[in-house]
Amino acid sequence: MRRRIPIIITFVVGTALILAMFIPHTPFSSLDENLSVYFDIIAVFAFILGGGNLLRVHLVRIQRKKVDWPYSFVTIIGFLFMLIIGFFKIGGPPGLTGDFLAEGSWFRFMFEAVFNPLQATMFSLLAFFVASAAYRAFRAKTKEATILLISAFIILVGRTPIGHYFTFWLPKQLEFLHIPTLANWIMGWPNTAGQRAIMIGIALGVIATSLRIILGIERPYLGAEK
Amino acid sequence: MLHMERACPHLGRASLFCVVVILVVSVGFLSTAPAQEETFEISLAGAQTPAPPGVPEVHDTPYDAGGSIIVSWTLSADDGGGKNHVSGYDILRSTRIDGDYQVVSSVTKGVDRYVDTSAQDGTSYYYRIRALAGEFFIDSSPSKAVISSQQWYNVERSNLLVIAAILSFFIIFYITRAKKGKKLFIRRIAGLEAVDEAVGRATEMGKSILYVPGIQDLDDVQTVAGITILGSLAKTIAKYDTKLDVPVSRSMVLAAARETVKQSYLSAGRPDAYSDDIVHYVTDEQFGYVAFLDGTMVRNKPAACFYLGSFFAESLILAETGNSIGAIQVAGTAQPAQLPFFVAACDYTLIGEELFAASAYLSKEPRALGSLKGADAGKVLASLAIGFGVLFETLRVLTGSQAMAKVSDFIIRLFSLRF
Amino acid sequence: MSVVEKLGNVDRRIIFLLIALAVIIPLVFNISFMEHPTPIVQVIFDKIESLPEGSKILLPFDYGPSTAPELEPMATAVTRHCCKKNHKMYIMALWPTGQAQALRVIENVIEGEFPDKVYGTDYVHLGYKAGGYGLINTILADLKKMYTTDAPGTHIDEIPMMSDIQNLRDFAFICNFSAGFPGLKEWVQFAGDPGDIPVAGGTTAVSAPLLYPYYPRQMLGMMGGLKGAAEYEASLVHQYPEYEQVYQRAIAIMGPQAIAHLVIIIFIIIGNITFFIEKKRQKKVG
């Protein structure tokens, strides 16, 4: 019974949502939107679970003085600090219903002075990692790898202003060989074809997986099969 | 002037001059006043009421949840120009044809259509359109009665219903065949064959395995696929007694993943090896989560890293860091933009649908394998449709034939949201 | 280890260092290159340029701080162009972080460069609303159903420029700046296509390949990454030479990007040369 009820709920809700796509009559018309809102509400309450887990894991690390326990201390301080200044809107307009991002609020200051730069820093790691990954991966080991390599050159050059200077001198009849034109052609045609093929495969995979879940063949929400 | 001087000897010459001027001006004014009045009347006449808009055509919005009526009309002849410039229209509504019409909404000039979403189902409404030209306006004749209602079936999506039915039929057909014991061939997926190798390597080295189920929540089917694979993997890991680390970025994924791993350890007969700390929450924030994962990889140096789920910009950061520590990396995602990064930096990559096939592949469960065959049948159908579409479109361009154009357009409409 | 082997296995820290120098040096010495707009970007510029003065343009800001370096320059350039053409700008966000990003552009461009623009008459900030493509679906039919106030909290009926807006179809053009989901693809799928509204926009370079299938039928044009932003800025400077003196961020940053790309290409070439030399050597030994 403990396993059967969730499977029945999954089947009923899954089927109802599929039918809702074709039935405009209430309550089907707003089923998708309502269930999304219900999911968001549950997810918000689940934050308590996640936050509680975070605190517990790091408090245990501090208590048992495990490896790198000072970082757990920093984590907890940071977590509690942001929670308090955001919840109580410290520095901003008084009252719990005010905007936590209001001008002058501590949360806004932390968001702009700490969070934004940290996020931008992590994102900027990509620039370095792209270089090291390209250096390692773009080797002409096979015919396909060679085609990939040539395409990579054209795109790398064509997506910068320098691409124009390499081939701007070409006569009009050979304009199609102009590097930015070639780069746009690669993006617009072979790349698009490949993306579309992958997207079609993914869509079919999603349909198959969704049907497996609705029919109860796959039950990740119940844990693994015994 | 001399005559006046003789007639009015008591007035000085200057005063007399002023009087004459005043008289002349008055006569002039009187003689022209009718002309000015005439001009004024012409101005008033010029600012006449504008030409009326056409009688509004009304009908219930088709295939909707009710409460909506489409009102369309022919624009006034003075719309946006003409002698009496119409600057906009008011849409008026009443429940009786001769009743009190209320303004429901307003639109600007040039607009000849309005969707009234404030109607009540089952109530008869009549509409008039009021053309506005400054302080002047004119109403159209009333429309016929219209009642909004809900519909039970959206005919415009019949094409999608047919396609969904065909795909579902194939999937269920092959599932049924698999249940009956029919052997189904599934091609080898290198990334999944390497799972045992990765777990074995980690066990030999005495290091942990890092599993990342993506950064999206449980409502994303990729996360569901990731957790399902985690279940299979955890069973193998439990048997080998290798350390597993599953940091998650969503609280609900925490709950589901924890339950999955716990059941896997129980079914492998290793409940003693299970700990709640195997699956732990980090943060919802994308780059905060990535920073944690990078730190974990660099400090703990896991022997194997699995990235199976939905990823965005952090994919390359994870893969490169994993590469730098020498871990064996298996990635899988259905985000097409992230696939190139995983392919470049990881040892094995599950591309798109291979991620969804992984759970069936690893478990070898017949019904799950059957659904893979069904999806493949769908792919064959999609390929045929693309082939025919390309053929007819090419023929249309080459021959200019209307028949080809009709067939080509039909195929395009067949796969549109609105048939 | 021979030189060839060393060149074939360069320590990644050296690669990182050279990339850092490739970015820092052009920034310090203001090295930049002339941009030449491609048709996919020029069409967006031409659209805004050709719309009659006072046209209603919707500008959804769907990105966060991490992608602001790529998207803020194009958002700045487009907003500046709209202000120059005296179009009415309706600003909103589908991302929670988008609201703050929009505020930055409003402060820097509209309030900073066009102080004569009046809030509520020339531009309005509707703010963030949750719902993603569901929200787009709803406001396609009835915008005021979802937006009862603007971002600062003024009732929607008290804002003059909202009086003749019923739904998305009342906009002449939608120009979206997006870093992912929900974003430009959703605007095309749920607003542009069903509502027959011209939609274009800008996205990160990584997401751009996914959107090419929609160009040009369902999506008017697209600015892909910093290059797209630089091309738009170049179009703006070409049409309005007074902006040559104004700092064009994307054009300035394209200089370091171009040099960094060249460095990556050099590394790839070195890697392949060493690969082939090693292969030849092994064949000889074999």
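Here the chain labels run A, B and C in written order, and each chain numbers its own residues starting at 1.
In the analysis below, a contact is a pair of C-beta atoms (placed from the backbone, for glycine too) under 8 Å apart; a residue touches a chain by one contact, two chains touch by 3 or more.
Keep in mind the model is a prediction, meaning the values are calculated, not measured.
Chemist: Considering only which chains touch which, label the overall pattern as line, ring, star, complete or other.
Modeler: complete
Chemist: Given the two chain pairs A-C and B-C, which is bridged by the higher number of C-beta pairs in contact?
Modeler: A-C
Chemist: Using mean CA coordinates as chain centres, what's the chain A-chain B distance in Å?
Modeler: Taking the mean C-alpha position of each chain, the two centres sit 17 Å apart.
Chemist: Using the average of all C-alpha atoms in each chain as its centre, how far is it in Å between chain B and chain C?
Modeler: 19
Chemist: Residue numbers in chain B touching 2 or more other chains?
Modeler: If we look for residues of chain B contacting two or more partner chains, we find 287, 313, 336.
Chemist: Two-or-more-chain contact residues of chain A, please, as numbers and ranges.
Modeler: 36, 119, 122-123, 130, 132, 134, 136, 195
Chemist: In chain C, what residues contact two or more other chains?
Modeler: If we look for residues of chain C contacting two or more partner chains, we find 12, 66-67, 209-210.
Chemist: Could you pull out which chain A residues touch chain B in their complex?
Modeler: 18, 21-26, 29-30, 36, 39, 42-43, 46-51, 53-54, 57, 67-68, 118-119, 122-123, 125-126, 129-130, 132-134, 136-137, 195, 198-202, 204-213, 215, 217-218, 220-226
Chemist: Within the complex, which stretch of chain B touches chain A?
Modeler: Residues 63-66, 150-154, 157, 160-161, 164, 167-168, 171-172, 175, 217-219, 221, 224-225, 227-228, 231-232, 234-235, 250-252, 254-256, 259-264, 266-267, 277, 280-285, 287-288, 290-291, 299, 313-314, 316-317, 319-320, 323, 334, 336, 339, 341, 343-345, 351-353, 355-357, 359-360, 363, 365, 367-368, 371-372, 374-375, 378-379, 382.
Chemist: Touching residues of chain C toward chain B in the complex: what are they?
Modeler: Counting only chain C, the residues touching chain B are 12, 66-67, 141-142, 145, 163-164, 166-167, 170, 180, 193-194, 206-207, 209-210.
Chemist: Where on chain C is chain A touching in the complex?
Modeler: 10, 12, 15-16, 19-20, 23, 32-36, 38, 40, 64-69, 100, 130-131, 134, 205, 208-210, 212-213, 215, 224-225, 227, 230, 254-255, 257-258, 260-265, 267-268, 271-272, 275-276
Chemist: Could you please specify the touching residues of chain B with respect to chain C in the complex?
Modeler: The contact residues of chain B facing chain C are 68, 88, 105-108, 111, 114-115, 117, 286-287, 312-313, 324, 336-337, 417-418.
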